[in-house]
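Two complexes come next, and they have one chain in common, chain A, joined by chain B in the first and chain C in the second.
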Partner chain A sequence: MKKKQLLILIILNLFLAGCWDQHLLVNKTFVNGISFDLTEEGKIQATVRSLNIKGKGGGQIEIEDELIYAERPSPVGLSIDIDNMVAGEVDLHQAHIVLIGDELAKKGINQLLEPFYRGKESNITKKIAISKGKAETIISTEIEKSPIAFFILQTIEGAEKATYLPDENILTVWTKILTPGKDIILPYLEKIEPDRIGIAGVALMHGEKFSGETLSKEQSSLLLLLLDQLNVTSRMALVLDQEQEERSIAFFTRKMKRDMEITVDKSGKIICSVDIKMQIEVNSYPQDFKEDLNIKEIEKELSEELTKQANEIITTLLQANCDAFGIGMKISTKHPDLWKKLNWDEEYKNVQIEPKVNVKIIKTGNVY
Partner chain B sequence: MLLNKEGKLRKELIQLVSQVEGYNHMSFFKKKSIRSISNSPINESQLLTNDINKNIHSIRDYHCRTEDLMVRELIFNKNICTIFYLDSMVNKDSLHSSVIGPIVETKYGEIQHIVKTTQVKFTSRISDVGSDLLDGFCIILRENNATAISLSVVENTSRSIEEPDNERSIISSHDGFIEDIGTNIFLLRKRVKTPQLKVKYFSVGKLTNTKVSMVFIENLTDKKLIKEVERRIGSIEVDQLLSFGDIEDYIEDNPNSIFPQMLTTERPDRATSYLTEGKILLIVDGSPRIMIVPITFFAFYQSPDDYNSRWIIGTFFRLIRFLSFIVAITFPAIYIAVVSYHSEVLPIGILYSIRVSLENVPFPPLIEAFAMQITLELLKEASIRLPTPIAQTTGIVGGLVIGTAVVEASFVSNIMIVVIGLTAIASFVAPVNEMGTSARLLGFPVMIAASLFGFFGIVLVLMGIFMHLCKLQTFGTPYFAPLAPFKMEDIKDSIVRLSFWKLNSRPTDSKPIYKKQQWRTRGWKNN
Partner chain C sequence: MISEKLSITKFQLFFLLIQSQIGIGLLSLPNIVQKSAKSDGWISIILAGVVIQFLMVVYYLLLKRYPDDLLSNITEKILGFLLGKVVNFIIYIYFILTGSLSLILMVKIINLYLLPVTPGWVISLLVICACVYLTTSDLRIIARFFVLVSTLIILLLFTNIVLAFYIPKEIQYILPIGSAGTKNILIGSNSALLAMLGFEGLLFMFPYVIHNTKGLLKTTSFANLFVTSFYTFITFLCLIKFSPEQLQQIREPVLYLFRGLAYKMFDRIDLIFLSIWIVPMTTSIIMYLFLASKSISGQKMSYKKTVLVNGVLIFLISLIPHTDEITNLMNKYVSYFSYAVIMVLPVFLLILSFIFKRHERGVTN
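So, the complex of A and B:
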């Protein structure tokens, strides 16, 4: 008899155990975007854009967004404040974007990302971006038009596919920040008046901190190619400046190959040569239509122009102290003795990076 | 405790009685049970005598002086002879033309030579005479003769052969079994014209004496299987056997399993196809459905139409049907799990509309699903038995009025209506109705588990179901063959349906004696 009772108790316990984790969809309030800013008093302000969904009957849905603000001296506890202000449970799964103001990003982003990375209830593939000016201005754009966060998300995802922005999310950012000898670049958003949000380029990070230096959209595209991060395709438009006569060319990069080599010479100078071979498809090239396309020449011009631009980008990278190539990591594995002696934060500026771009036209398509 | 005591008491009592009466206690019970049914004053083994009047009395007494037992006296060979028949069981026309007519006209000779019936039997036992009367024979008793002549003049009224309503097909044959056992065997013999086709009769039920026949192909069917089925049918000792459902319950291996372990069908083409796989058909007189043993799970998702359409189409529909089984079991459960545990798996667009439709629903999703599932069963049950014009009204009331009004009153979310509707349709896909209903019923435990543990619960219950399926055996053959135990060569005609020329070997789940079933199929290609 006792055994039977015990068995029933165990089975009942099993049944009860499950309900603990029940989170009914009805009770959830969806958050679709989060931003963090530094206030003038030096506190951290979190702005959450939550969804207010109403059924209007007949399958019609009315969605209105609500902004919720919370302020604390440190990010810890912000989520409790927000939870208290929202009806029902806060659901962060659909919060696809975390925006960080540039002032706050300069102080470091790790402490902001930590709850997302560790919390079991958050979406680890969220996108993260740094905003020009206050992040709150971006997340509060067009409050009646919902959901702006998804608009931002789509913009970022589209840019990733076109190789304007690196394909990063919270998970990858977190692991890369914690890896010594490698720095990341993050999307850099800006608000274009009156009510548009655009990609300003990429923000160069040094460790967990925003260096303050940014690259434009065109530059970031080339940088990503140099980093061997060609996504689906990469679209570029260039002005070929040759003997005063201005010609522009637009092309897709279809395939590419990168060779990166790091050598340390006897004096301890670190030289990194980055060679990329791009296979491109010319998209548009307004020219004298009577003449045939001189492919060899265009290839040469393009290679020179892109190499020139690559050099500019690398100067900015060195200024920002952003080791996007992961040179430090390579040295730490190939020359561990040297790595132990180096203070990489200081030494990185002295690295000589030699980019070389080689363009090959594989298709001219409709340009003949 | 109580039961044990009772059992002990009974045992003691039996011992006591058997000592007194000198019976073994087992046979004591058997005797008693027989006595309780055939409560006639005539002893089972009593023989006819030479005294015709005594015989007439005995037979009348045997039939409890029933009033439809007719007696007619004739003079033959200058002696009185008496014809008995059960008024309701014989065909009067044939009685007249083939028995009474010839006797009256000929007057002299041997009765068995002048009557025109198909069957002539000599019996000397009163009980045999009695049962012959029940089978539609007429009995002739002669003066100074202790043997009776039984002549078959049975009345055969049965409906015509029609396509079964519950197993319609589009392109396969349109005949179906009926209530008459003879016609059913005729339908089988017409399709399998071989001397190997063997029919064995059993008579089950002490009151009903229902004829049960077992049909199989002698040289193909596993001998052990035949013996086992015979043993199980022979062991049935009941008063009444009314329909195929009774016998199914009596002889199946796992009566507590939710899965049907015998395929019942009204389609002769389906029955024959299993006959030629070395399976055994059981036909119960009075039911149009015949049983096929042993059977596998996958047989319930096969339709004769699969074989008559192109193999690609047949395979496609088979796969769709298996999908329907999974949908019928899990779909409401997945919905419940998603809205109560894992809403993060939903894409943004659907998330919004589900969220909105749930907004004002006061019940937890499990109650919602149960209510709708039960409503659906109610509607189905209500419309089955109603005559067609009223059934249509039920459809409208159920589908349109309840469907929309329930949502507008926000008792149930409209996504739930979609989910339940899809589940119902998926369960109706099963070509054999029983399996569809089983699948729908299996949905309930999965739903409960989903509401308790989310996806984890669904996985647990599904694991349980598949463990049960793999463990299940019917008549010593695995129910989930050819997946468990896995047999590659049997897949080609169970889960998929390949071209006929690839099906050179029979399915082996019922252990047929000969495995190979075709030799030259597309031989013209080599010449």
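So, the complex of A and C:
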């Protein structure tokens, strides 16, 4: 008898539990993209792209894509403003993409992103990008009818697979911003008139701040290889310039190996050598149709050309004070005593980074 | 002598121990050990495991002398009736408070992540009802249930091992090993030990185990080894996944391990994980409810009634409006309390029992 009573009590409890925490789909406004900008008065403007779901009766729903603006002197409270502006419940931090205008990014992004990191409902596997110019112009682009945030998300994810962009999400960005001695690179987007959005390359960060320096898409691809972050494949097209005879070549990188070594010499100079061995597959080489491919020759030329480019990239990295290789971190673990003495912000510029690219053609496929 | 019907096997004891140890403490463990031990948090946990192993040996030596008695009988036999009663009451209060604390923390975390608007009392009522229901049906049934739900922990273990291969990680976060210094590592293992409480259940389960004088130490050692390596593994994973400064900002790093995963169909694996983790959290409360009831159930009240009364008591304590301040304070005092009960008391009893034994022999000779 007692057991029965207890059982009834438990079952009754089960019925109780759901009532408080139900969220009906029709009451929700889904935020799919958000952008932050610095206004001329120095305030922070948030632009939210949201999907408003409306029940039309008879099981039919209507979806509206709308833009909402809010402005505040600090990022805290923007979500309250926006919540007041839309019908139904809204959670800003569930956005699929977070865009940050370059001017604002130069002031630091950590404070902006804090609610995304720790928000109860936030989705920390989504993407962050920095925009050329105002981020608002990107998020307010209309591309036919599809929600722009998903378009951007797909573009970024596609570029990650092709090793144009680093594979980062909000969580990994958070981790890396808070890692001393390692800096992050973020996707850099631009609006291409009239209604297109393209990847301009990567933005080089210094700590939580955007350094203002960027790399082009081709350069970022090579940088990612130098960082040993080859995703599925990497495609490159190069112009080999030798003896005034321009030749172009396109190839895939499928496999690579990287050796990175950091040495500190007696005078305290830090030397970092980065060696990569790429195994490539040529897929287009539109010249010398009559002769056979001179594989050795091409390998040599490619290696030289890529090493040259890598040196340019590293010059930019040093200018931006962006320690993408994590040299500081390596030193802090291998030479902790030296690390304590260093002021890394100042010292990083004096690091000597020596890249070396070694290309090996393993397949030529249809090109022979 | 405990009747055949109520006894448990050593296999069941293994799961009883790991289920009562693994619970809510795991979720925030990496954050807590990282506070003092920094990147050497995982060493702290291994050290805590060593301390537990030492205590297990002490318990075994003590209990082996009284194979048919619960701890509450042993205290009375060693300390005398009156002092024994007082000590037993302290033990009882300890179990009630620990049980309540687990419940409070569990309700808090469910309120934080899963059911933000649901009133806390509904959740705690729901949990405590299930706990009382299971606990009234003595140890053997509890043991069977614990063995069954242990599959959840094993499931989690496997997902974590798979996870370890796929998450982006940075081994350099924990290098150089030992940089935190011995003192900080020890402070860290102090906090780790508190997350691993639950092994003291052995003190009350011992007489129920079949053939308890033979090979029992092996079982408890394996249970300890399992829990310690499980905790070390997960903490290690968190330490190489999150940067040190970031780890300080995350209260439940274990949930963030899962939160960082996303598949085409699922987002927010952490919520699914937390829903599953409710079971191991509840098993700890069940264990404490059982221990509290065993420690006072005697001649006056039947076991079932005691369980009910204790359940209500734990529920009432969980109703106290719990601001973070009160919870932290309670956490602090319960941890002091736990040292008295799980460490000082058994060691003290063991020493006394040695002295008395020698004395008794002296008399008979």
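The working rule: the second predicted complex is superposed on the first by the 331 of 368 C-alpha atoms of A that agree within 3 Å, B and C clash if a C-alpha of one lies under 4 Å from a C-alpha of the other, contacts with A are read in each partner's own complex, and residues count from 1 in each chain.
Rule of thumb we're sticking to: a residue touches a chain if its C-beta (ideal position, glycine included) is under 8 Å from a C-beta of that chain, and two chains touch if they have at least 3 such contacts.
Nothing here was measured: the structure is a model prediction, and the numbers come from that model.
Between chain B and chain C, more residues of chain A are touched by C.
Applying the stated contact rule after C-alpha superposition, one finds that A:54 touches chain B and leaves chain C untouched. Of the two partner chains, chain C is the only one touched by A:329; chain B is not. After overlaying the two complexes on the shared chain, residue contacts for A:171 are found with chain C alone; chain B is out of touch. Contacts of A:28 after superposition: chain B is touched, whereas chain C is not reached. Of the two partner chains, chain B is the only one that A:63 touches; chain C does not reach it. In the superposition on chain A, A:91 makes contact with chain B only, while chain C stays out of contact range.
Legend: residue contacts after superposition of the two complexes on their common chain; A:123 is shown touching both chain B and chain C. The residues of chain A shared by its contacts with chain B and with chain C are 17, 21, 123.
On the side of chain C, the complex with chain A involves touching residues 112-119, 122-123, 125-126, 129-130, 132-133, 168, 170, 172-173, 175-176, 179, 241-246, 249-250, 256, 259-262, 267-268. Those residues of chain A that touch chain C in the complex are listed here as 3, 6-7, 9-10, 13-14, 16-17, 20-21, 117-118, 120, 123-125, 169, 171-172, 174-176, 178-180, 326, 329-330, 333, 336.
Taken in their complex, chain A has these residues touching chain B: 15, 17-19, 21-26, 28, 30, 51, 53-55, 59, 61, 63, 91, 93-94, 123, 150.
By the touch criterion given at the top, residues 338-341, 343-344, 348, 351-361, 364-365, 414, 451-454, 456-457 of chain B touch chain A in their complex.
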